[in-house]
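Take a look at the following structure, please.
We just call them A, B, C and D in the order they show up, numbering each chain from 1.
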Amino acid sequence: MARVDRDRARSWLQDYGVYVGVAAIVLFNVVFTPGFVSLENFRVQAVQAAPIVVVALGMALVIATGGIDLSVGAVMALSAAFVSLYLGYGPLVSVLVALLVGAVAGAVNGTIVAVAGVQAIIVTLAMMIAGRGLALVLVPQLEGIRNPALREFGSGSVAGVPYVVWVAALMVALVLFLVRRTLFGRRLVAVGGNRRAAELSGLPVRRTLLLVYTLCGALAAVAGVMTTARLQASDPNSVGLLIELSAITAVVVGGTPLSGGRVRVAGTVAGAILMQLLVATLIKHNLPPSWTQMAQTAVIIAAVYVARERGRS
Amino acid sequence: MPTDRGTPVLRARGLVKRFPGVRALAGVDLDLHPGRVHALVGENGAGKSTLIKVLTGVHGRDGGELELDGRPAGFATPAEAQRAGLATIYQEVDLLPLLSVARNLFLGREPRWFGLIDFPRMHREAAEALGEYGVHVDVRRPLGDLSMGARQMVALARAVSARARVVIMDEPTSSLEPREVHTLFEVIGRLRGRGIAVVYVSHRLDELYEVCDDVTVLRDGHAVHSGPLAGLERLRLIALMLGRDMSEVAREGATTFAGAHDVAGGAPALTAEALTARHRLRGVSLDIRPGEVVGLGGLLGSGRTETARAVAGDLALEEGRVAVAGLPVRGRGTAAAIRAGISLLPEDRKHEGIVPGLSVRENIALAAMPRLSRFGLVSERRVDRVVSTFMERLRIKATGPSQKVEELSGGNQQKVLLARWLALNPAVLLLDEPTRGIDVGAKAEVQRLVDELAEDGLGVLLISSDLEELVEGADRVVVLKDGAVVGELSGASVTEDALVDAIARGEASPVVRDRSDGGAGAAPEEEVER
Amino acid sequence: MSTVTERVPGPGSESSRGVPVRELLQRHGALLVLAVVLVAAGVGLDGFLTAGNLNHVAVGSAFLAILALGMTFVIVTGGIDLSVGTNFALGGVLAAWASQYGSLAALALPLAVCGAIGLLNGVLIARARLAPFITTLATMLGAWGLMLSVSDEGNTTYLVPDGAVLTSLVHGRLFGVIGYPLLLVLVLFVIGGIALSRTGWGQNVYAVGGDERSAALMGVPVARTKTAVYTVSGLCAGAAGVLNAFWLGSGVTIFGIGIELQAISAVVIGGTLLSGGYGFVSGSFVGVMLLAVIQNIINTISGLTSAFQEVVSGVFLIVVVLAQSRLSRSRPRA
Amino acid sequence: RTEEDASEDDGGGGGGEGQEQVLDEAAAGDETCTLDEYGGEGFDLTDVRVGFSQSEAESNPFRITETQSIVDEAEERGVDLITSNAQSDFAQQINDVQDLMSQGAEVLIIAPLNSDGWKPVLDEAAAEDIPIITVDRAINGTACEDFVTFIGSDFVEQGRRAADQMIDALDGEGEVAVLLGAAGNNVTTERTEGFQERIEAEAPGIEIVFEQSGDFTREGGQSVTEQLVQSEPDIDGIYAQNDEMGIGAVTALNGAGKESGEVSIVTVDGTEEAVQHIVDGWIHGVVESNPRFGPLAFEAAESFGAGEEVGTELIITDRAYDPSNAEEELPHAY
């Protein structure tokens, strides 16, 4: 009996551990961090988490197919560059172009992964190097964005919730819809779960992969636009630096296995929030960087340990 | 029940093994005696493989005792069991497809030269060892290049060549041809002669009666019977396994195939012409009429699987045409074949069939999903309907549609895959080893289903290493050898003897000679017949 | 007795002759690419094919090569080790700090600490069954944090005292041409190559990468083997750190960021499958050299802005990987 | 040379009128170096090839202006210049400089990414008697043996001057946060050191309550400041170790609803955008770190080649911008 209970507790933790983690860190902050419980502070945390959430969504889809995308940060830089390049045509055009560019970069990744069959990590590593380089070729240095609409998008809010958070929420809803309701959503987990079986079942494996990477690129571009608007500047040199690591961490901590075949959207969001709050907590308590690094190590390992796959004998 | 025959080499008492939610072994006793072959039988999921894994240190046990030569024993890892003289061929072992045949054979006990592996010697010895099993391959090639059957022979050679006192074989014959099975039995005979205890697991009852001395029947983790096999009626054995009355079992035959089918006239459901793929297929042609079950016979690696894959659009062809109901399949690839109405149940259930992380429901709906959705949106209602229809019709045993498919027993996994293909409502169904590794009960259901489908007017291609199944199930059998059609049996001439004869004597047809290039044409001469 | 003859497919009846050409190409696809690049650069750029230039290309990539060696073992088991970069940085700082107590201490401390981090990776991955990617990503951060805390948040750079025994060794050259670091790398690769391809342990490494479950059932000590490869990778990082500290004369705290990705690229370019079970140590060496030569060429073609250089190296990387995978097209798949 | 013909930096920056560097005679050391002491033969700058190694991508005003200044000056003097950029990768920079040497550079101008760890380069340069001039950051070594001269700012002094400005802004009372640069970077260390030292010595009423890294980026500065204003809403001053982080802090304060001048910000660098913020009232003061090293560097090289004495430490005078001079000095910011 005790055994069954333990099994049940474990499987519950495996599924909901990340939420427990978020609750724990919120509780810690409520008790120990002055000024944590304020609308303004929640706004700050949400705004800072938004780009990571959006990038992590795309990453979750890619990981569900058994791949990985290291180029998301570079794609953010590319989209930031295009926002400033096309700002002359108005904010809407420039944002659309930026999103398109992100999608194209993702599609390039997807094509090489799906058609040439090169391992995703290498393909996207190359894109990570070349993409940021290209962004810097186009916009060699930080450029201020002097556009009221974009500025408003970056710092304004509606109904008390910042625009960027609305957009992130919209993206979460979109990805949830894709995963839960659409053919595409079923296909991508099948491709990740057993590619050969998917092929034999007549699934358009390559097209699915292509689409997943394209989507991941587009989502990274959304995050790039968000960051650009928040920063009120297009900064291809540092936008999205190392975000791939945060995103991957968020996805895995949220319970999507790196081996593919499963995707957890809500968990991913919670994972991103957990990592954001962790870093925020360490900063607020003015701990040195070495602490930040080691605390992240501990939290990631603990989270992954709890969420690990069971039953593998 | 165990009879006194001196000290057993290996004795298990009250073995218990629990998995989350299941008690796979609920106090099982087993005695293995030197020089005797012990059959382990039971339905899918009865606990046979689990018992073997607990014996050999793969799983820890939750209760019970183990004695080796009368002394308490217990192995923490398979390696320990191996060192203690327990050699095992596990059921789902694939060996290591990327490593060479020789390395697979010698892994863990490679011949050394000053501490380093002596590859030339290893290759030589590997070739010799495999030769004894009638397997002649380049041992430096990756194992993955071999067909399933040949791999199983390698696994066998690997286990037996270890200095073993107990040899355990979990379904060693599921991929083997009658002749290879015969080879295997010779090996088992030799093992018995050397005083080695053998455990033999199989769903093919004929085999059990041919080689086994003792039998233990497992049902739901309990050993429901244990004793000498001789004198145990076949019907009674089945009844024990299924936990049903003998009379009930008696009503059903050995296979559940009804006799011949009403083959409709008119255009064939499937026409395949001159399928040619380099080194694999050399101009295979066949046709299947609606309502007809066509069997595909042949030795290991004769190209049956490749033929099915070619028809299903999964093998790039240099030449060849496939048509369904007279209409050529348009486009390439599996999707095109599926659109045209061809469904293939692949032979490698684990690697090509199930998507382990997904539920039964998702697995069933996988291929039919486009038909169950509109504008890219999945209609959950229609999916549910299809899934529940097929779960009922195929009697899939699962806690529910949302159970993960990897948690089902082999037979039920196979039914899930069948459901996946039937959900497409195909015109032609290609079944590659549909009953491999599934128990008598499930096998009967699958066979009955094949009949039903044929009656519904489907064209069925049946590939099976079980000759009995082929003979009883098929209306016509096409015999392959070296990737070419070498014969055909139909009507009353479809008998086991005739089939064995055709397979053995099959000669490459003249058509093939014309078509083949030098390399392929030379191939038959490489064969060493003994 | 009956017979099974597997006609092993391959060009013609090649299977009857030794190792087929295909196999050779598979193993040496990267070498071919390297040769082409070298010839092209030798013809196109002056001063490229000089002993001095080639030596410094080789010596300059010695650290990367050592990391790639450890990484090869890890990847052959189907894993990955992202922690080598920061572990390497940590090793360098520790070596520089310990060098005040003599060369032996400078050698022992980083090997012990980095080896321990590798061991930790191994235990988490092999025993606790965590995914290698995320585990080593976590320890990558951890090693970085440790490095920051031993160097006073990066504010202290420990210097190697003048005249340390190891310094002269690291900077020496054999016959005045070949730098000792290069020799060390060659020796390590020969040892690594033998360990991987000629020992029982190496067979276990392949087996674990081929299929963990099957390997376990075939009696391979899976957990022990996996723990060992991550430990080896950690030790390699430590060794590279020591080399680095004495090479640079100090424990530079900003070293090694992103070098793990270079090491992974080198291993993949060398023909090792990321999915595990297949790969060669020699390929990784070629991969490292290829990356180094390409960087050297990009530097030599002056007039490129720094941003353009990045574009070129990204494109180069993908081209090389594509060329390599095309050459070894028919290699086995998992 | 007058201010009028100083290099136009049209390569980016704010397009402000370039302000040439001026030596700070008082701060410079007394030691000098000549060709005889250093070794090697005399040269005429127009006959030799000069190699310039940049440390970071030219993607911020400082680096852009620095590289541009060197390139412009070389062009003006008709010097054959080859360049490389290490993209913030220290290993890469070591390789880069070696590449420059094998491409025939006879004089090296290096903007080091890090002060330590130059042993291999220094050894190789010494062996070939190649004079090295380091700009903006020093290389730790023996002057006139390892390198000829260092031209640059005194980062510790910059920190002290930033502290002076902060003390001035807060009247010696209040709580201050420090936005650190990248961890492990000499610049970070020294700008922190000078700041802390001066605050402790001169203004016991000022307390440093918060120190977090913003990695020298605007985004980093903004994110950290956003957290800061939530947990320390009453912060009085922010010392940002470069302009980018300072501007990020401004955006954050703005977003949090603070008024300009409510929090006193002091930064280091002197980019046009930052100086503009002084004019607007958001930033209190900026300590300049002048990146226009071209003229001084080539002048030093020329004198050295001609056998004249060259000071081994050429410290430039950095100006400071504050509300009193920002508007009029704005055109000189880069």
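By definition in this document, a contact is a pair of C-beta atoms (placed from the backbone, for glycine too) under 8 Å apart; a residue touches a chain by one contact, two chains touch by 3 or more.
No experiment lies behind these values; they were computed from the predicted model shown.
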Pair with more cross-chain C-beta pairs in contact, given C-D and A-C: A-C
Between chain D and chain A, distance of the C-alpha-averaged centres to the nearest whole Å: 35
Centre-of-Cα separation between chain C and chain A, whole angstrom: 29
Gap in Å, rounded to a whole number, between the CA centres of chain D and chain B: 72
Set of chain B residues in contact with two or more other chains: 58
Multi-chain contact sites of chain A, meaning residues that touch two or more partners: 136, 140, 288-289
In chain D, residues with contacts to at least two other chains: 57-59, 183
Interchain pairs in contact, sorted by label: A-B, A-C, A-D, B-C, C-D
Chain B contact footprint on chain A (complex, rising order): 3, 7, 11, 181-187, 189-190, 193-194, 196-204, 261-262, 310-311, 313
Contact set on chain A toward chain D in their complex: 33-36, 38, 40-41, 44, 47-48, 136, 140-142, 144, 155, 227, 230-233, 235-239, 241, 280, 283-286, 288-289
Chain A-touching residues of chain D, taken from the complex the two chains share: 12, 57-61, 64, 183, 209-213, 215, 217-220, 222-224, 226-228, 230-233, 244, 248, 251, 254-256, 273
Of all residues in chain C, those that touch chain B in their complex: 1-13, 15-16, 19, 194, 198-200, 203-204, 206-207, 209-211, 213-221, 273, 277-278, 332-334
Footprint of chain A on chain C - complex, ascending: 80, 124, 128-131, 133-135, 137-139, 141-142, 144-149, 153-154, 261, 264-265, 268, 274-275, 305-315, 317-318, 321-322, 325
